[in-house]
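There are structures below to look over.
Next come two complexes built around chain A: one with chain B, the other with chain C.
Coming up: the complex of A and B.
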């Protein structure tokens, strides 16, 4: 059953997922090509000075990429379930409804994490090849909440798309618009270091909120 | 014979609008029950309650003895469900969807599915979203047959189908159900289709059940008499034996469960002069309209 559920979810998101993974890698490649260009034409000391003393984030272009990927995968995965109320097909499968939903959510989250991990590791390797530990470490701390923002956006999309009542959808959308920027606030490198763990916990808290929307759908709220 | 479906004192409202009150439905094992009703009479509401997609205000529905609000995976595996409009995962092709469902049902038998697919003029990689409604109906039916459920719940299976596909669907379904002792609960707004398919009929009007019996019994007992009144100011609609009456000027269509002799005697005893009195042969659609009214 798990294999079949994974197969269905894969069919829905595969092209977006592959496209997003490639697009993310291209952005990271572009970012380091830019860095290389700055080193070649401006000199390494100038790049180092900009990062250390002027707080220039050479990776700023990456900021909204995980968010967009999270939103996109959420829409690609959950929107087809709500067209013509197709989620009824999933609820009718011989499996507990919440288990089916958690399988969907688990697969989406795992796909998202795999993509983010790929981007994170490539970013880390390239950063380590150009910069010292302190700069790379601060960069990784800075981009971590950006990836968490993508995960939070994904969970919010699941909550909103599966919600049967439009008024609630609008309310949840406002909540998401207020909540997600918490991950993207600071322009200072490494500023989120003290609260990254708390943000992970916060993200975990909203991860299963879609079960509530699905429960309301099953009870016939309209 | 055991009841596969049992709905007891089912009451439901949408907001303050009553859909029905104290509705009781019983479907015996191996029978095919057709739920008929006008638009908005509560057919899809009933299907949604049966599938656990809607919680009734009060009362309960049991399938194989389990409350439909809490069906176990095992019981859900015994139910084949066709959603109104033959909804399926439209992003899949016919191979992908067969592969997907086969992982859930231990008795999965893909032969009837591929038999039906071979009749369709679709390419193996054609997405279901690009198929016609008729083709999609065959995909949905094929999947149900491959699942080999004990109970089939079909919500308006005839929607969007041309006459050929409807006939194919019905003939395939009835032959399958009767040979395998399957139970079917179905709705359709094309009544002529139902006549060919069902054993028992349940006719719903707004807020109430008008008839629930074997379809043969209903067709035998429910009658239509046409006649012309001498005077147009006679109102028979309030009489107890009259189920429904349609009157255009002096021409009357009277629907009743009473016999021809009873109606004639009533008219004579009450001094109602008529001409051209005749009993009219009805099919199920005529009887349905006769019972529920044209409006």
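Coming up: the complex of A and C.
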């Protein structure tokens, strides 16, 4: 049964997931094509200097991409469950309700992490080929919270979409709007170094948040 | 599990609200305080102060005597040199020294330190500019260096290691007793300066060196500093008078300079400076150094003579933000605030600032009673909501909003 459920989740998000993975790769490719052009026209040392001493982030264009992917996959996966309250069908399966929900969440999270990992590794490899590890390290520290923001957005979408009462959906949205910007503060490259571990922990804390609204759904909150 | 998910959500919401709500409060209600501008007058040998009252500048001296703007400018002739030349009120001599524009210009300098300069991510790679290229202008090199287990030069084009140059510089450092890796590398990594003096580097044994490149060859100078003295920040300068290379801040917040050419470490007679939360401004002219330390609610200004001996000191305080009307209102609303950014630090972090006093307790008790009424109206058993009551009592408005955004109906 689990296999069938995973297949159902795959059917819901597959096109968006593939599209997001490709779009992310295209953005990264564009970013490095742009960097290559700057190197060709201005010289590599000038590009390195601008990154290190003038805080020019060549990867700034990437900032909201993981967030959009997280939001998109969340909506693609959970919105169909609310149409005619289809999620109820899942709750009628001969499987523990929380287990079914966690399976859905686990599949979505794993898909998202796989996409992010692909983008992160490609970014890392390309950056390492162009720049010294000091520049790459600072870049990775800077982009890590952007990917965490995408995960947080995905968890909040699950929470909000499965919530049965509109008023609470709005309240949860306010909480999400207050929380997600913590990952997206502007600063110098590498400025997030002291806080990335705490942000990972906070993201882990909200990872199971959809169980809360799903429970309210099951209890028939109207 | 559902309980865990709820409390997790409440926790992150409290964190988010304790960032957002205080930020919105200060954005709406904070009133700026303009710190006074204090300079030592070489004419009257006293401090001159430009303060602000009701949006207008007030010019006075440290004894409270007020002046017009023009009179004030004449008391600080070296600071307002150009203005006094235009208005033809510049004296021919001051203290017997002829007012020669070239002389005045070359003696003038200004340096500013902010704690965030020290507390910020460091690039880790630096350009080693050729100090004696024979060219009129300095040129940016094609490579950057790091000092880790050895000194390495990385050619930017192709991200390749320049092994020969790396070995050359590493051996030059080793010959002078340098202990790898470097703890601190500070210089002026720009070509927009009058000349290049390379970098001041603290090694792993807290020794201080100057490292530069002269006609392609390494120049390493070991600098004699007292045993046990360690630095937490070095800031290189490029002043016209060429009296010293850099300012150094010791771990005990003492301020030093290293004199040009003879590399003498000289401690400035400045007391009470805290490099973690005070700004430092040092300006100089023909006769004096004016050292301003600027804290959250005070300024301390020390005047030094041209031999850097202390001649006068001025202190002024003003009301802290927390004690101003908006700060008092804040203390009734919020038990604490979390800032992601800090004016003393360039790193992003959860900077937790508890509110002094317990004024917020009044609101917390009102919110606790409100929460109790909400629970009773829901005809729920208050005993099942003790944790929520505790959250509201401790975190106040943040917790009250969080527990009601994510209501506890599991035990109703």
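In the analysis below, the second predicted complex is superposed on the first by the 222 of 222 C-alpha atoms of A that agree within 3 Å, B and C clash if a C-alpha of one lies under 4 Å from a C-alpha of the other, contacts with A are read in each partner's own complex, and residues count from 1 in each chain.
In the analysis below, a contact is a pair of C-beta atoms (placed from the backbone, for glycine too) under 8 Å apart; a residue touches a chain by one contact, two chains touch by 3 or more.
Predicted model only: the values in this text are computed from it and were never measured.
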TODO: Following the overlay on chain A, give me a clash-or-fit verdict for chain B and chain C.
DONE: fit
- [ ] Could you say whether A:96 touches chain B, chain C, both of them, or neither, answering first, second, both or neither?
- [x] first
TODO: Calculate the angle at chain A, using C-alpha centres, between the directions toward chain B and chain C; round to the nearest 10 degrees.
DONE: 140
- [ ] Report for A:216: first if it touches chain B alone, second if chain C alone, otherwise both or neither.
- [x] second
TODO: Using the superposition on chain A described above, determine whether A:208 touches chain B (first), chain C (second), both, or neither.
DONE: second
- [ ] Tell me which of chain B and chain C touches more residues of chain A.
- [x] C
Open item on the list: Applying the document's definition of touch, where does A:10 land relative to chain B and chain C: first, second, both, or neither?
Closed with: neither
TODO: Would you check which partner chain A:80 touches, where first means chain B only, second means chain C only, and both and neither mean what they say?
DONE: first
- [ ] Check the superposed model and tell me the shortest C-alpha distance between chain B and chain C, rounded to whole Å.
- [x] 11
TODO: Please identify the positions on chain A that touch both chain B and chain C, taking each partner from its own complex.
DONE: 219
Task: chain A to chain C touching residues, read off their complex - done: 39, 43-49, 52-53, 98, 128-132, 134-135, 137-138, 159, 168, 171-172, 174-175, 178-179, 182, 185, 187-195, 198, 202, 205-206, 208-212, 215-216, 219, 221
Open item on the list: Considering only the defined contacts, which chain B positions touch chain A in the complex?
Closed with: 14, 48, 51-55, 73-74, 76-77, 79, 81, 83, 85, 87-92, 96, 99-105
Task: Touching residues (chain side chain C, partner chain A) in the complex - done: 1-2, 4-6, 8-9, 11-13, 15-17, 19-20, 120-121, 123-125, 127, 140-144, 146, 154, 156-159, 189-190, 340-341, 346-350, 402, 405-407, 409-410
Task: Complex contacts: residues of chain A adjacent to chain B - done: 1, 3-4, 7-8, 11-12, 80, 83-86, 88-89, 91-96, 217-220, 222
